[in-house]
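Two complexes are shown next, each including chain A; its partner changes from chain B in the first to chain C in the second.
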Partner chain A sequence: MEYRAPQPATAAVDDARRPPSVAVRLARDPKVVCAGGFILVLIVLALAAPLAAPQDPLAQNLLMATVPPVGFTGAEPGFPLGTDGLGRDVLSRVIYGTRVSLTVAFTAAGLACLIGSLLGLVAGFFGGVGDALISRLVDVWMAFPPVLLSILLIAVIGTGLHSVILAIVVIDWTRFCRVVRTETMGQAQMDYVVAARAIGFARPAILFREILPNIAPVLIALLTLEMGIAVVVEAILSFVGLSVSSDTPTWGGMIAEGRQIVHEAWWVLAAPLAALFATVVAFNQLGDGLARSLDPVLRR
Partner chain B sequence: MTMPRLAIEALSAVSLRDGNRPILRRVSLVVGTGEVHGLVGESGAGKSTIAKAILGIIPSQVRVTSGRIGFEGRDLLSLSSGELRAVLGRDIALVPQDPSTALNPARRIEAQMTDGLRLKRGFSAAEARRRARALLDEVQIRDPDGVLASYPHQLSGGMRQRVLIAAAFGLEPKLVIADEPTTALDVTVQKQILRLIRALQERHGTSVLFVSHDLGVVAKICDRLTVLYMGKVMEQGSTAEVLTSPRHAYTRALLAANPRYDRPDAGLEPTPPAVVAALRAEIAAFDASAAGAADG
Partner chain C sequence: MLLAVVVNRAAMALLTLAGVAVVVFVLLRVVPGDPVSMMISPGASAADIAALKAHYGLDQPLLIQFWIWVKGVVAGDFGVSITLHRNVTEVLADRLPATLELAALALVVAVALGGSVAVAGTLMRRSAGEAVIDGLNSIMLAVPDFIWAMALVLLFVVAIPVLPLTGRIDPVLAEGFRTKFYLVESIVTGRFALAGNVLSHMAMPTVALALPLAAVIVRLLKQSLKEAMVQDYVLLARIKGFRELRLVLQEALRNAVGPTLALTGVQFTFLIGGTVIVERIFAYPGIGNLAIDAVINRDFPLIQGLVLLFGFIFILINIGVDITVAALNPRLRHA
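This part shows the complex of A and B:
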């Protein structure tokens, strides 16, 4: 066995000298790289949709209806994923569909996260009457069936992108509130919070400077998961015709249209379904990877 | 006798959860300028309650019923939370008990050490960093830059306690509350930490209230001692006096209970029943007279 000289107490960080920066750690995580890369590609496609799409997503051509994708008999050049029942290019529509999906994913999940976490932080840290009120509100809120609530909400305020976002925020802020409240309560018991109070830090400063960084990994993971959920919810609402107007391409709307002609033209259903599936998986994997590589204790 | 820096006068506290059971019984103690004052007693004696009362972080189920905590002519108990926050971190700092939990696991050492300097001393980010580096040098950390860039879990327990000590003394407070700062450390590290606290304290002329249950530890570092039992002061005096010729039966019992390496068969004895009975009677008599005074 190898003999190792005893180390003096001052030689501390020998194994972990400069810990790698956050960026380096993220770049080393395969989940973050693959899923994040995929979502980055989606973002670029959504922003550059007019350049990336081979055809006008709204241009109908009944002579070119239900053309199959490349590689199948009867495929036409210029329509790599075929066309739908009205002769519109499926690939172009899927690319334009990312705009609605990502808009909803980022704004709805972001707003739900912001509102839910703020309430959760306050409830978990200050406790008392505020905590009791917020917690009861969450309990009541969660007891309400979410699908019913969103359909009811949209029936009242009307369809459209804003309504979809609002419906998701109104329903899903509770998810953040619950988790953040519990996490905050746990962190508030820790000695480092006592130590911060003993230096004379005000309570809001402790909450945001000391506690928030500790729950950030959980929060970011939850936010990414929520983005996946938001994409699905938007697709469902589009599917039942409660989202944006039907002349804007959405994955949910395409799935609804494709369902009717699935026996003649399966690709009209398959393409948006695959896009939806891959996007949700990517958000979930990204959340998982971020949670792992952002946690200062788990990462070693 | 030096000029007092901290003067606790007749501090009493009760536990609300436990039917108003007294936790502190008219505790008075004085910590002079540049003095290391040991506060000793077994667990539950009320040592930590005193430390927390000074820092204004008493748990909600404990209430201070009377007394004052004089610090530089002001009663800390009568300050508003804003006024107290101004004093904490600038004039009074804490060296916490458990270095494994007293540092924030999600923040680098640099951020945690510079927080107080920037907020309480008005340092710029660059100045605070330089100062933090110098402080780590002062507590004999060999690779200050590496430590500043680290997260707490990458450091050993002794290193973390050095960081906490550096952070506390770095604020140049007039009083440092050391709440059992060596309890969570092994014996060899303990000794280094004690020497370090003593050296920093002497260099900066800081007063230290050193809370401990370990007589061996306080013997090494404290100038004066207060022995506490069930929230009542049993004995006060210079360390040498109290440890070599204890006047109170409880102090003698406490000393006898200390394990001795030279005589493995000695020590570790429970406090003799007669002493316990006498102590109980003393506490009961005190409570009765306190109740009588309150009625009359």
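This part shows the complex of A and C:
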């Protein structure tokens, strides 16, 4: 419990002056609300895909191939976004595609964040040889174009969802490592760390109980941005044919199919592209919004 | 001083490149799945497979293979591509000009577009126009080249069919070139109809690569320009009666451009990385498109050559950026 001064008038003034709580700030930020809401809807769609999808995403019907979306001549009831070259329902495939995209977004970004942050915390806090080694490794790592590196990695470890996730983690842990290292070095100079040391806190305790909570806002924003990147990387690898097998609907795989028949059925390309675009922008705007609302330094 | 820094960085970079070459070489070979089994028909006898492996030297111990390859690379010979049956150096020399022209054109478009939007945004600061630019740009910053490329296909191949979807030039026109620098050669020799054909093929990949970089330039340059516009020297020029546009271009830009230039250099390496997927989408015959095929076919010599080539290009860009930034900033020059 917090001690409150007994004078109600002063307390009211204090309340007015005190910046609004984190939850209130987040709820007031239109970026966070809109983008976060959109991603929530995506999560629900992914979980409830069998209920949400009007058709079986794998059911082929060559008599119903390349049916255009609702509102165009030749549209058929039951296929609101039309069908692809094999007569599969585009809307259902887009809905099922959220599963792969979000799985990759959360696991790959989460793992990259975990590994990168741990290394960054250690490098930034303890310094010395470990820091030099980790920093040099990050420099070398970041010197390579991510797309080329990921394709190379997939070629080495083989295709599939696990490979895609692994490739993203292996490539993108550096983003977290670099930022967390810099932030940790900054925090380590602060008075509260000096105080914690003076009291006799063990160094790991200072690192995880004192410094980590203070860099958490930056980390959360970075994690959200990374999710957007992971969604794109998965789509690119699916497009090239290096992600999950072609039985599973993915946005990237649909885009590749749509690219082949773009002259006959543009909607096969347009629908998953729109989904990909909206998802990437949503993760990005959410990351921006979170950075602004959570970080006391960035907040204006 | 500057020379020492550059030499130091170049040595470091070459060392890194050598390390990467070793890692790629070993990784490709310790992992299951070799190029010979990928290219041979399923009914081939064990003797045939062994003979083919011997032909490409894949039956030798790893260390010997590596030694043969290093000796070749030092002499400028990257070996023979397993899928294309051609010398890797030749294949790369054939494909590199297409990628260089594409990347250079995309860089020019990105700088021109990003620069002018940043200047326009600075002129319109604290107005509705600036808010619109900021809003659009915050979305543009999130959208990668892959999505732009596909959106452009929908726009200029489906909705308004004016641009060719694939290739670098109409095949019948490709005969009349002496070099592989189609765009440069056609402009230099004054064949503008030909240049137009090349440009129509390059338009979509170029814009797809340029837009993400342009968005980054807009954000940083506009920020720097706004900071410069409130400095004393701008105020002085304003008192002298200079027009607003001249204030931005002549006074603020010169002082604000440094950070953007450094960042553009770093981002240019991302743009080159982006050529891999963008060239794939438009079936553009550059080294990026080649890289995907090489990886899918496990064409070891070709992959190794490509990795070294990409690495080398990145080193050159980084050194170029260092020199340019130092040359523009006298304080850094003597650091």
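The rule is simple: the second predicted complex is superposed on the first by the 275 of 300 C-alpha atoms of A that agree within 3 Å, B and C clash if a C-alpha of one lies under 4 Å from a C-alpha of the other, contacts with A are read in each partner's own complex, and residues count from 1 in each chain.
Going forward, a contact is a pair of C-beta atoms (placed from the backbone, for glycine too) under 8 Å apart; a residue touches a chain by one contact, two chains touch by 3 or more.
Predicted model only: the values in this text are computed from it and were never measured.
S.K.: Now for A:Asn284: first (chain B), second (chain C), both, or neither, which partner does it touch?
M.R.: Once the two structures are laid over each other on A, A:Asn284 reaches chain C alone.
S.K.: Could you say whether A:Ile255 touches chain B, chain C, both of them, or neither, answering first, second, both or neither?
M.R.: second
S.K.: Between chain B (first) and chain C (second), which, if any, makes contact with A:Leu63: first, second, both or neither?
M.R.: Once the two structures are laid over each other on A, A:Leu63 reaches no partner at all.
S.K.: Would you sort A:Val140 into first (chain B), second (chain C), both or neither based on which partner it touches?
M.R.: Touch partner of A:Val140: chain C, not chain B.
S.K.: In the superposed model, does chain B or chain C contact more residues of chain A?
M.R.: Looking at chain B versus chain C, the one contacting more residues of chain A is C.
S.K.: Going by the contact rule set out at the top, does A:Ala23 touch chain B (first), chain C (second), both, or neither?
M.R.: In the superposition, A:Ala23 touches no partner, neither chain B nor chain C.
S.K.: Using the touch definition from the top, say if A:Val232 reaches chain B (first), chain C (second), both or neither.
M.R.: The answer is second: A:Val232 touches chain C but not chain B.
S.K.: Is A:Ala202 touching the first partner chain B, the second partner chain C, both, or neither of them?
M.R.: In the superposed model, A:Ala202 contacts chain B only, not chain C.
S.K.: Mind listing the chain A positions that touch chain C in their complex?
M.R.: It is residues 140, 143-148, 151-152, 154-158, 228, 232, 235-236, 239-242, 255, 259, 262-263, 266, 269-270, 273, 276-277, 280-281, 283-285, 288 of chain A that touch chain C.
S.K.: For chain A, which residues are in contact with chain B within the complex?
M.R.: 9-13, 16-19, 190-192, 194-202, 205, 209-210, 213-214, 216, 296-297
S.K.: For a test of understanding, state which residues of chain B touch chain A in their complex under the given definition.
M.R.: Of all residues in chain B, those touching chain A are 55-57, 84-90, 92-94, 96-98, 101-107, 115-116, 119-120, 140-143, 146-147, 149-151, 153-156, 158-159, 164, 171, 177, 188-189, 192.
S.K.: Can you name the residues of chain C that touch chain A in the complex?
M.R.: Per the stated touch rule, the residues are 13, 16, 19-20, 24, 27-28, 31, 33, 138-139, 141-144, 146-147, 150-151, 153-154, 157-158, 165, 269-270, 272-274, 276-277, 280-281, 288, 291-292, 295-296, 298, 303, 306-307, 310-311, 314, 318.
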